[in-house]
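Two complexes are shown next, each including chain A; its partner changes from chain B in the first to chain C in the second.
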Partner chain A sequence: MTNVTRNNGALSALLGSKSNIHVNRRWALFASYACLIVFVIFFLCPPFYMLVTSLKTNAEIANLATNPWLIEQGVTTEHYSHLLTETAFLTYFKNTVIVAFFVVAITMVVSVLAAYALSRLGFWGSGVMATGVFLVYLVPDSLLFIPLFNIVGGLGLLNSYWVLVLVYPTLTVPFCTWIMIGYFASIPKELDEAALIDGANHMQMLLKVFIPVALPGLIAATIFAFTVSWASFLYPLAYIYSDNQMVLTVGTVTTLIKGDVFHWGGLMAGALLAAAPPVILYAFLMDYYIAGLTSGATKG
Partner chain B sequence: MTVGVAVRGLPERAPSVRRGRFYLWLRRRSTIAVMMCFPLLAIITCLVAYPFAYSIYLSMLNKAETAFVGFGNFLFLFKRETFWLVVQQSILFALVAVIFKALIGLIAAHAVNTIPSKGQRKWRGMMMVPWVIPPALSTLGWWWLFEPTYSAFNWLLAEFAVPAVPWLSDVFWARFSVILVNVWVGAPFFLIMYLASLKSIPEDLYEAASIDGASAWQKLFHVTLPMMRNIIAITVLFSIIVTFANFDIVRVLTQGGPRNSTHLFATYAFRVGIESGDIPLGAAVSLFMFPALAILSFVILRNVRQRTVNI
Partner chain C sequence: MANVSLTNLHKSFDRTEAVCGINLEIADNEFVVLVGPSGCGKSTTLRMIAGLEEITEGDIRIGGGLVNDVPPKDRNIAMVFQNYALYPHMTVFQNMSFGLRLRKYPKDEIQRLVGDAAEVLGITELLQRRPKQLSGGQRQRVAMGRAIVRNPQVFLFDEPLSNLDAKLRGQMRIEIKRVHQHLKTTTVYVTHDQVEAMTLADRVVVMNNGLIEQVGTPSELYHQPKTHFVAGFIGSPAMNFLNCKLFKDSGSLAVSVGDILKLQMPADRNTRYEPYLGRDLVLGIRPEHVHEKRAGNEVQTEVKVNFIEPLGMETMVYFTVNGVELCGRVSPEADPRPGQTAVLSFDAGKSHLIDPETNQVL
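Then we have the complex of A and B:
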């Protein structure tokens, strides 16, 4: 009898502590969701407000009496149609696509070749070079844009979007090489030995073994190169000043601001459309995107 | 006859032998490796190393780039009040913004890691949006939020009977605004790095801590943070570099104003070098970033190396 009651006491104590854990757990969940809601509101309020403004009529934007966060007087797409038909927006879009395409292509060829050599064909100075690549990745664009201004001016490339194809690889190649070194280094050595015994040369080994196996890394690097060449602002702002050569970031910020005072709807529509390609890409390839971001510091 | 053949055969064979040697040399591992690295080396040499050396030379010329003035540009900058404002604001901007980015990133990463794993992707996805939009474009949206007459923030404040805030025209609030936008753009990066690092902490460490009766705070300070130390260090240092060298946000939001109080090295170099046409002085301004960047890079490199050794 006493034994049973003692057992019961122990059991209830156990249950008590268990429900305590449950209470703690519920409390932690509640606090987490509260934090997340606050952060999501903070992170999403500017894009939301941009979207709302871009869909409002000019009269409603100018009306100080209405709630700026809501559309009360009807949705309109006039800002978007104006943007696509009567401004140089589509020219900027085309220029940006050309630049991004060439930069991604150059970056991937250069960095995959170099990463293969640096991770597999150990040669004199390869360790120092891998470190050097990482250091170059830490050089920001704002350190070298002024000497580069004179250099590209000397080459006669000023005010042409091809200058961006020339200078963007300095921003993309080091990081892409660095993360590809990490991905290639994680491929087991047995795989290339097997390929070597089958008589594969280095090119075949790279194309038929390394690239297929490291495909996730390759996709992550491609996304990175694309995002950088799409979003860069300083180089095009410093080197390009003609309307027909501008890219989206600079074109939207500089040329769409001019004009009448109440052009905010068009400006927001332009910013949203210009930001759409990287955002859409991210929506579909989020995991690769995040893998690329985190592998820079955790691999290698 | 045979001799003749041999003699005639020799000059034919010699080039093939030489070509064979050339091919052998071509097929050597180190030759292939150097050839594969050549494009990378060319880019780094011509577009990073050479411009850097050229930048040092450039910063010692006069405005017309015709005469050598030694350290004249640097001495000139030391005497300018604006330059010291830039130094002060760059340091303030980088430190305050990185502290808040790291805090928000840490809290958000913990929150995401606590909720059931089914919903984690959705929340993480929503919080990454600021990182994906090109900063120059999202800053336009912020600019519109801060616009003096139509500011949507001031409208919200007015609902709570708080007087309107001069977001971009007052020195304090302009500095607050550029830091706020920078935190908004950069915090998701910390979130992702910390989340990846949180997930890599083995579960048994927490179980062992629970058995030892550790509270949630003790687990945070004695398990989580020590395990994340390396990644926190790398992320913070990396972010200080990026924030210190930031250009887009200040350029779009305030253009350095009011009264040059929000200029960073990059925007001031742009103003002086590109807009006012004094390229050597602009080069001198951006070179001032170099010592800070070099020290930070050195520390990061040591951390990254340590990690590699540990693995």
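Then we have the complex of A and C:
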């Protein structure tokens, strides 16, 4: 009888601790959702404001008495049509796509080869060089653009979007190399040894084993390179002056801000359209991006 | 198929010498196991044979040809790794055929070779799966399949069963033995598990501190160890060691362990042991040679049992003699109890004497 009572006591203590776990978990979930909702609202405010403003008439935008978060005087697409038909927005878009494409291509080729060499070939000084690559990334572009101005000026590349194809990799290659070094380091050494014994040379090993295995890291690096080349403002502002060579970031601003007159509707429409490609890219590849950035954080 | 020859092989990592000059001849079709504790240089030796580590000094010959500077892919070897090293993005078929595809084999030849290898290993139905969809044992089979599909001169196994549970390890041991009997390819197998070494090998190479301690058949190593290390390393539970003194006892030789134990040595060892008369030596005796009282003229002694390990078909008894804990193996019917005394017999004829200065078995 005593045993039964003791067992019941132990059971109820166990159940009690289980229900405590449930209550704690529920509170943790509640707190998590509350924080997430605050974050989502905070971060969605700017794009929502952009969308609302881009669909308002100029009169409503200028009227300070109206609610800036609501469209009260009717929806209009005039800013979009103005942007697409009466400005060089599509030229900027095309230039940005060309720049982004080449920057991503150059970055990925250079950084994948560099990361493979630094992480796997084990030559003298490779460890120091790998650290050096990351340190290079820490130098801000606001420090680099003046000396780079001299260099690209000397090369006769000023006022051409090809200058961006040349200088953006100075930002993207170090970071992407660093991401790829981390990713390659997480691939077991036995995999390349198995490939070596199977008869692969280094290039075959890279193409047939490393790149497919490190695909999430590769995608993360690609997204980073794309984002930098798509959204950078300082370099195009410093190096490009002509409308037909402009990219989206600077082109939209210089076209839609005339002196002290801000065409807010057009600016917001331009910003929304310019942000669309990265958003779409992120939406499709977010899982790979996160996997790529967090690789090696835990034992695989 | 080919023989493998290691001559005065050295390997240093910075100032640390991992392999300190080993010589070994592995015959064609032979299954040789390199065994030893962690850091003894067995894996480094295997990796040097594979070409994955550069040789600091010495020569490696495969099939008579010097391969010191030959890259791994041109040595016509295949290797199975401890963690399988399967390409995770490829199917089993692609994994097994990777080497053949790199060597530009015709497609129908690849199909045939992979099919044959898969059949030998019983993995035909897994060919379209990816490694993550396989169990540990299946992955190890695929790793073996990738090795045998190329029909190499030499198979190299680097602790291939270490990641498997005990039951699967037993099954895969049989599988490896079966594959070797079927293909008869020269095999060098590295393990720290002496059971694997004893059950698989034609010959076992015991390594310690970068040197070969002894090379021999499993039976030779077990019954005629040449060094203190081999005597202690081979066998589970390990051999018992006791400090002893050799003396002459009414015309024959005997050893005494303090005042507690006196063992008469077999007469046929007299000439071997005579030079060590009066010397402090180490007596080595395996647990199965310390057992319950039986008919015969073995030395019996009464001991106090510290604890027991009942294993079903036998019971291991632990007791202390002269301050050293020893292990004996008795039948379950003897029913030893911890804390109680038991009379145990020491089979002196199966014991070994070791010179503590040279660590050689006399």
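By our rule, the second predicted complex is superposed on the first by the 246 of 300 C-alpha atoms of A that agree within 3 Å, B and C clash if a C-alpha of one lies under 4 Å from a C-alpha of the other, contacts with A are read in each partner's own complex, and residues count from 1 in each chain.
To be clear about the criterion, a contact is a pair of C-beta atoms (placed from the backbone, for glycine too) under 8 Å apart; a residue touches a chain by one contact, two chains touch by 3 or more.
Treat the numbers as computed from the prediction; the structure is a model and nothing was measured.
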| item | value |
| --- | --- |
| Clash or fit (per the criteria above) of chain B with chain C on chain A | fit |
| Partner chain(s) touched by A:Val209 [first = chain B, second = chain C, both, neither] | second |
| First, second, both or neither for A:Leu36, with chain B first and chain C second | first |
| Touched partner set for A:Met246, first chain B, second chain C, both or neither | neither |
| Touching partner for A:Glu190 - first (chain B), second (chain C), both, neither | second |
| Partner chain(s) touched by A:Trp124 [first = chain B, second = chain C, both, neither] | first |
| Chain B versus chain C, judged by how many residues of chain A each one touches | B |
| First (chain B), second (chain C), both or neither touched by A:Asp198 | second |
| Partner chain in contact with A:Pro169 - chain B first, chain C second, else both or neither | first |
| Least Cα gap, in Å, left between chain B and chain C after the two complexes are fitted on chain A | 10 |
| Overlap of chain C and chain B interfaces on chain A (superposed complexes) | none |
| Chain A partner contacts - residues on chain C that touch it in the complex | 50-52, 71-73, 77-79, 81-83, 85-89, 98-99, 102-103, 146 |
| Touch list for chain A against partner chain C, complex | 188, 190-191, 193-201, 204, 208-209, 212-213, 215 |
| Contact set on chain B toward chain A in their complex | 29-30, 32-34, 36-37, 39-41, 43-44, 47-48, 50-52, 54-55, 58, 104, 107-108, 110-112, 114-115, 121, 123, 125-130, 132-138, 140-142, 144-145, 147, 149-150, 152, 155-156, 184, 187-189, 192-193, 196-197, 216, 231, 234-235, 238, 241-242, 245-248, 251-252, 265-266, 269-270, 273-274, 279, 282-283, 286-287, 289-290, 293, 296-297, 300-301, 304, 307-308 |
| Touching residues on chain A, where the partner in the complex is chain B | 24, 28-29, 31-33, 35-36, 39-40, 42-47, 49-50, 53, 61, 64, 67-69, 109-111, 113-114, 116-118, 121, 123-124, 126, 129, 131-136, 138-151, 166-167, 169-170, 173-174, 177, 202, 227, 230-231, 233-234, 237-238, 248-250, 252-253, 264, 267-268, 271-272, 274-275, 278-279, 282-283, 286, 289-290, 293-294, 297-298, 300 |
